[in-house]
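The first chain written gets the first letter, and so on, giving A, B, C and D; residue counts start at 1 in each chain.
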Amino acid sequence: MPALLDVARYRVLFADCDPMRIMYYGSYFRLLEIGRAELFRRLGHPFRDYVARGRYLGVIETTCRYRRPARYDDELVIRSAITHFGRARVEIAYEVVDTGGALVVEATTTHAVVDDDGRPQRITAEFKAALMTAQDAALEEERP
Amino acid sequence: MPALLDVARYRVLFADCDPMRIMYYGSYFRLLEIGRAELFRRLGHPFRDYVARGRYLGVIETTCRYRRPARYDDELVIRSAITHFGRARVEIAYEVVDTGGALVVEATTTHAVVDDDGRPQRITAEFKAALMTAQDAALEEERP
Amino acid sequence: MPALLDVARYRVLFADCDPMRIMYYGSYFRLLEIGRAELFRRLGHPFRDYVARGRYLGVIETTCRYRRPARYDDELVIRSAITHFGRARVEIAYEVVDTGGALVVEATTTHAVVDDDGRPQRITAEFKAALMTAQDAALEEERP
Amino acid sequence: MPALLDVARYRVLFADCDPMRIMYYGSYFRLLEIGRAELFRRLGHPFRDYVARGRYLGVIETTCRYRRPARYDDELVIRSAITHFGRARVEIAYEVVDTGGALVVEATTTHAVVDDDGRPQRITAEFKAALMTAQDAALEEERP
């Protein structure tokens, strides 16, 4: 299990739930989006700056395991970290936990950096080093 | 009540419903989008052609009255028509009815034609005439 | 224009936006849900307590005017207040503003209190009085 | 690659897309829901009948690979099949392809049958046999 950073809180809406009165399985992908956006913001590289230059984190793959249901008005904690940073791909791991710390969802997303036309862009060694150094420092800080 | 055209059918998903086990109030706006997209397609002016030229139907205003709930797996009929076509604005009326014909939702949307930067574009008399003539013909056809 | 309370902040997601690169017109209804949930929480009557007893705020009608587009990663402020409280209906007004205070959206929703089967429930004078007193106090507090 | 059945068509909405002007990664989970609902309907066991008796197909896990982007107004074909049917779990595979047959997304979902309170229910041998026999017949029919 990789070390993850607490990056956001999320309150479950009626909009997120379904007739089973639990959070809809597809609603969690918004939370993963929040998880990676707030992770990159915390690491000093908000997505907004990349979007402004026509760079996006395109999604190549995602996996999600649903461990226990979340219900209306539950407050959830979103945890995330970069788990692999290649020359063309970034892998991010996530956990969504309830405020008691119980695991609700664990997930991964794999991304390519792409331009406005969806063409993959090389990830520079500098960018990778800057993010991983920032993440190591943030994880160190959170360690009890 | 304006005459409307039957333009689409929609099957209610788990994703559309909420813990009240009825369709979430915000989910209907997808159905209205289907309603106007299929209306314009039927009138010979699919939105896709406008989007390809950087023209969009920006939303200025919407109203929606919820008459009776729709539930999981209900099949709904979406009805719509252009009710006003000004030099800068288009107004569209909608009804969502169940397969028994009972009214589920009635709604309106008001739009401006905008370019890629959101700047309002003048609606030409030719465009307006083409659409209204096509709509009159379609309504005539549907009349019992 | 009724006096409204600042009840929540919202960060615009990729999930909320559309190919016009602005917030999708239907995405605002999630923000209105947040607006009324946080309003009732602040007034000491969180919806969660009502849902636990099988009571819901069913939506009868909504109106929404789109004043200026919100874009990816914009931080928005959600403002709301109860504007009318009848024996069977509650009306709520909303504004969504950007952090500079510019109006993005103004909206209303009208609700009936319903039970688990969607049957309208009488709103008691005590409930109405408790909420309106709490709201007056909260508005007084926010006054500059 | 398992044999899959063509079970539904889907037209991409503005609501489904994001500022990259492609379908949002989370929007595909609605299509997977359509894929399994229409699969079970086709096999003679519409979910609606189970929901009416308080039985649901809870999601335990999902994986999704994004092969090429779908864009506004694209018409997509949803293909699906049950790939494993255990005593407590059902696995379903999906493909979303464009009308030219090119692969857009391939995905899997794993489910448990649960009751209204989320408690897992044993899948009977009769139910399993009925569905698998119906699926084999449907696949046979589609074979060129």
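In this section, a residue touches a chain if its C-beta (ideal position, glycine included) is under 8 Å from a C-beta of that chain, and two chains touch if they have at least 3 such contacts.
Computed from a prediction, not measured in an experiment: that's the story for all the values here.
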item: Which of B-C and C-D has more C-beta pairs touching across its chains; value: B-C
item: Chain of greatest Cα-centre distance to subunit A; value: B
item: Computed distance of Cα centres, subunit D from subunit B, in Å; value: 28
item: Cα-centroid distance, subunit B relative to subunit C, in whole angstrom; value: 25
item: Gap in Å, rounded to a whole number, between the CA centres of subunit D and subunit C; value: 35
item: Set of subunit B residues in contact with two or more other chains; value: 14-15, 19-20, 26, 29-30, 33, 51, 72
item: Contacting residues of subunit B [partner subunit D, same complex]; value: 11, 13-15, 29-30, 33-34, 37, 46-48, 51, 72-73
item: In the complex, subunit A residues that touch subunit D; value: 19-20, 22, 25-26, 29-30, 33, 51, 56, 58-66, 69, 109, 114, 116, 118
item: Residues on subunit C engaged by subunit D in the complex (per definition of touch); value: 14-15, 17-21, 24, 26, 71-72
